[in-house]
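Below you'll find the structure, written out as structure tokens, and then a few comments.
Chain nomenclature is as follows: A, B, C and D, assigned in order of appearance, with residue numbering initiated at 1 for each chain independently.
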Amino acid sequence: MANSKFEYVRGFEQTDALLPNTWIVVRVDGRAFTKMCANYGFEKPNDRRALDLMNVAAKAVVADLPEIAIGYGISDEYSFVFHKSCNLFERRSSKLVSTIVSTFTANYVYSWSTYFPDTPLSCPLPTFDGRAVCYPTVQNLRDYLSWRQVDCTSATRHRLFPSCWLTCQGHINNLYNTTFWALVQLGGLGNKEAEKTLAGTLSADKNEMLFSRFRINYNNEPEMFKKGSVIFRDYELVDPDSHRVAEEMDDLAEPVLQSKSQADKDKKRRSKARVVVEHLDIIKDEFWDKRPWILSGKPGKVPKET
Amino acid sequence: MANSKFEYVRGFEQTDALLPNTWIVVRVDGRAFTKMCANYGFEKPNDRRALDLMNVAAKAVVADLPEIAIGYGISDEYSFVFHKSCNLFERRSSKLVSTIVSTFTANYVYSWSTYFPDTPLSCPLPTFDGRAVCYPTVQNLRDYLSWRQVDCTSATRHRLFPSCWLTCQGHINNLYNTTFWALVQLGGLGNKEAEKTLAGTLSADKNEMLFSRFRINYNNEPEMFKKGSVIFRDYELVDPDSHRVAEEMDDLAEPVLQSKSQADKDKKRRSKARVVVEHLDIIKDEFWDKRPWILSGKPGKVPKET
Amino acid sequence: MANSKFEYVRGFEQTDALLPNTWIVVRVDGRAFTKMCANYGFEKPNDRRALDLMNVAAKAVVADLPEIAIGYGISDEYSFVFHKSCNLFERRSSKLVSTIVSTFTANYVYSWSTYFPDTPLSCPLPTFDGRAVCYPTVQNLRDYLSWRQVDCTSATRHRLFPSCWLTCQGHINNLYNTTFWALVQLGGLGNKEAEKTLAGTLSADKNEMLFSRFRINYNNEPEMFKKGSVIFRDYELVDPDSHRVAEEMDDLAEPVLQSKSQADKDKKRRSKARVVVEHLDIIKDEFWDKRPWILSGKPGKVPKET
Amino acid sequence: MANSKFEYVRGFEQTDALLPNTWIVVRVDGRAFTKMCANYGFEKPNDRRALDLMNVAAKAVVADLPEIAIGYGISDEYSFVFHKSCNLFERRSSKLVSTIVSTFTANYVYSWSTYFPDTPLSCPLPTFDGRAVCYPTVQNLRDYLSWRQVDCTSATRHRLFPSCWLTCQGHINNLYNTTFWALVQLGGLGNKEAEKTLAGTLSADKNEMLFSRFRINYNNEPEMFKKGSVIFRDYELVDPDSHRVAEEMDDLAEPVLQSKSQADKDKKRRSKARVVVEHLDIIKDEFWDKRPWILSGKPGKVPKET
């Protein structure tokens, strides 16, 4: 066969299966979004339409892949978590990353006109890159998610400011951004001046500044700006007093041997569950205590219609 | 800093830099395209609009990344080749793969309505996965591309037929597909019958069958269906007799030390070059002999306007 | 500098750091030991001197690397476990594997004459290969060790028998080997005949056969032959009723943040602890319950001199 | 089967096959050799017995593995090169590294008493670590070997001096070491003073210093000290004028398809060839021109007995 003498090239493909029994996080990041934001005139410091569009793309990813346990997004990035028992694509890193990035991108471009009806897309189009990281324990995983939720406090990001004005919606950094843009847009300061004014200020100072100068009460800012967005399948909440998820996290997460038919039933239930986007604190235990199905991978009770 | 206690999670990211001085091939494959083709009513065995759309998406990828030396596509897959001296993203596999997959997907979805004006996209959207493979020598690389161009002859593909009817446009397999669908669509045979009729036939038999039964001269079929599509930057062709590219391939490909300013100049010239899509034999030496810039990575002469 | 133009070659070295916070098992295996056993006239089915030599080499490895939590050996293989918090050699796989293999080999060759005073070494010398595998949870790690301890029951090994007669000292398989060699050496059977006689027999049948034909009571066979060898640092045993190690294994194993000076003190205590070789069941909980320091990585109480 | 419930742990082993069609270099390095040298009283700056012992261990490695094309050693390190067509152990990195390290260590310990009859080994024993690196082209490979041969000029090594006095036997650095120890041992200088005296000196200065102060003609120093040691299979030298190996290196190295029986014949011839240790310049073309079999992997002509 003509092909056979070339077929040896398949042997150069190297396996990239991720270590079994670890949580897989795939993070998607906007490429050159600072420029993108400028091109398309995103509002500063938070553009609700841009964030809604991120969320709708992420929701499509979660709906498409029932193996995803939870997603979390801030600014132009989104993290998707596969349960540690997940064996999708034999855990091949490039398959997992490329599938998520492609699904995210397809939905972002497809839904663009819904959120920006007056600003048609043009080249270069918005694109994203991605990577996969493994976390062995629930604590490591929660620390990763906590890291993303408080990320924006980091010096690096501040240093890069204001080019990353959209980059962060974490609570503390969003406070910074909100104050910065209030100073610039409402207070008439230049970027440099605003930066200088904020240098060394604490959260309390910025809250005070916002309120005294511009009558903005930061507490009233939208939760999405302050906390980012969490995506998960929605079941009936569990009474956190009835058990202690946070203390038993690793046991909870341990895969239980189950029959094939039970596994299929579970998968079907997961596929049918409503995927929701909320804006909650995922650092504290409460979020996890109330939603044990996220770590256990077992579908919960479908909430009664109301 | 609140973040510092979580930041340790960054240490779990593992490097995936690809071996230096090797050709990097990133292949993009359509996900579940058999179903996609059915959903959107692609024509069999070759849908010109679908292939044109693949090509326009691939062209955008090549235009966006001047580091790409050549691209080659058949059916629902496209391979992109980075020169072995390329250091884009420090050669990190997930960055290279996800960037290409995202750019490809974004352009595919964005340009859909141009090629399928009467068939609006709906969920699930078309998506692609990707992978990266390294090839140490020019011979290995050319064998990879040859493998793709003749892929469709392989037994596997035939066995999976007809679910992969769109999967292959390689010459030989495309002949199979063309005859198969002529038997079905024009000859009124069922899929099973058509398969049986073709079992064990040689190329000559199929050519004869096409002509005698349906007056189709396979030679007149479009080159794109028979050869697939090659994408590269267009410079003035070189007289293949003036040198012997094929025999000196590895020397040609060897990166030459050059000044930073020369490198920048080259990159700029590459970015400006016209990106073209053609349908040529890339197995034989001729293609490579005439276009030494593809393997050398040095931009050629810009062709005179005509 | 003359060297600078060559130094770029360092960039080809690829990192092989193992995922943080996972248990690292390095397993050392004898190369071509079947031949070795024949060359040096090891006794069948168990050569006490050969096993003692394996143990003395393994003990030297554990003594040399205080980061090792436990070692387990059967036949011509030995597994060494690094605590999941271990950061030795930045967890680089090739460094960890090669260091252990080299230390093991050096001690094996060095101590040979002590255990085989009448059989001087000659070429080819005994050598070992090695590999590293990561296990995320204590359960995975214990299952690995249990797998080694019962390994010899596997069909594969039986099929390869008798060429692997030394390969296994696990309880069940050792029973097989003991009966096999009794049939051959004491009963005068050929290898084929002995194999046939044992085909399909249960443990009870073999016990019966050993006793009725040869007056051998398998229970009286040395523990080392039946259970393999466990190496660990020796501290005062803990009352298993005072806690439930097995149920809290992962918590126990979780690294506790401690001061540098405390960490140094711990390391020193570990280095000073007596390294012991015992022949115990490591599948059941009891072994782990009594020795919480193995999983916690915290040194226990030094036992009182007796 | 008792084992089956544990057997899943095998799935955690990750493949580490090295990229096909690339040269594999495994480098073995002495662990904590500075201390070792002090413990066993090696002579400074070059201990002939220690180097001879390294060479005998390396020779055993090359003899044991006919797949090795060439070895090169300086001081307490040795590099072994597998031909790019080599498929030993399916190119698994840990297998290749651990096998070489173990064979090297076994022979080093075994032959110790031959070279140090008056200094018996004691704990801790000499041990080695190892790593594997892939090089795609002959040029990369030769640059790696050149890097090792001139390594000792590097600033890093000088900075670490004199703790690494044995570390380097490369020409230039060995000149440094020779002068340094002449100043200390014959000239009565302290280490600091000697270092100061040599700071900023060129090769000519050191040659002059050696001769004028101590009547040492560096040219008369043993080649082994100045050039390190090369190990390879010995065939009849080829007239370098008859061809130009250096210019056609990659073609030469390209594996030629050959029948199984021819491959076996070649392997047998390689196994039978005499393995030699020489002290030659491997940076210049001449070495390679005269010995085309090293890069081609095809055995040469067995030299006539003299």
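One rule holds in what follows: contacts are C-beta pairs under 8 Å (C-beta built on N, C-alpha and C of every residue); 3 or more make two chains touch, one makes a residue touch a chain.
All values reported here derive from a predicted model rather than from experimental measurement.
Trainee: Using the contact definition stated above, find the chains touching both subunit A and subunit D.
Mentor: Where subunit A and subunit D share a partner, that partner set is B, C.
Trainee: With a step meaning a move to a chain it touches, how many steps does the shortest path from subunit B to subunit D take?
Mentor: The least step count works out to 1.
Trainee: Taking all residue numbers at the subunit B/subunit C interface, are over half used by both copies (same) or under half (different)?
Mentor: same
Trainee: State, to the nearest whole Å, the distance from the C-alpha centre of subunit A to the C-alpha centre of subunit C.
Mentor: Computed from C-alpha means, the inter-chain centre distance equals 44 Å.
Trainee: Measuring from the mean C-alpha position of subunit B to the mean C-alpha position of subunit C, what distance in angstrom results?
Mentor: Here the centre of subunit C sits 51 Å away from the centre of subunit B.
Trainee: Between subunit C and subunit D, what is the separation of their C-alpha centroids in Å?
Mentor: For subunit C versus subunit D, the centre distance works out to 33 Å.
Trainee: Two or more other chains in contact with one residue: find those residues in subunit B.
Mentor: Expected reply: 12, 14, 19-21, 134-135, 140.
Trainee: Show me the residue ranges of subunit B that touch subunit C in the complex, using the header's touch definition.
Mentor: Touch list, subunit B to subunit C: 11-12, 14-15, 17, 19-21.
Trainee: Within the complex, which stretch of subunit C touches subunit D?
Mentor: Going through subunit C, the ones touching subunit D are 1-3, 5-10, 12-14, 16, 28, 31, 60, 64, 93-95, 97-99, 101-110, 121, 123-135, 140, 143-144, 146-147, 150-151, 153-155, 172.
Trainee: Which subunit D residues qualify as touching subunit B in the complex?
Mentor: Within the complex, subunit D touches subunit B at residues 19-22, 84, 134-137, 139-140, 250-251, 254.
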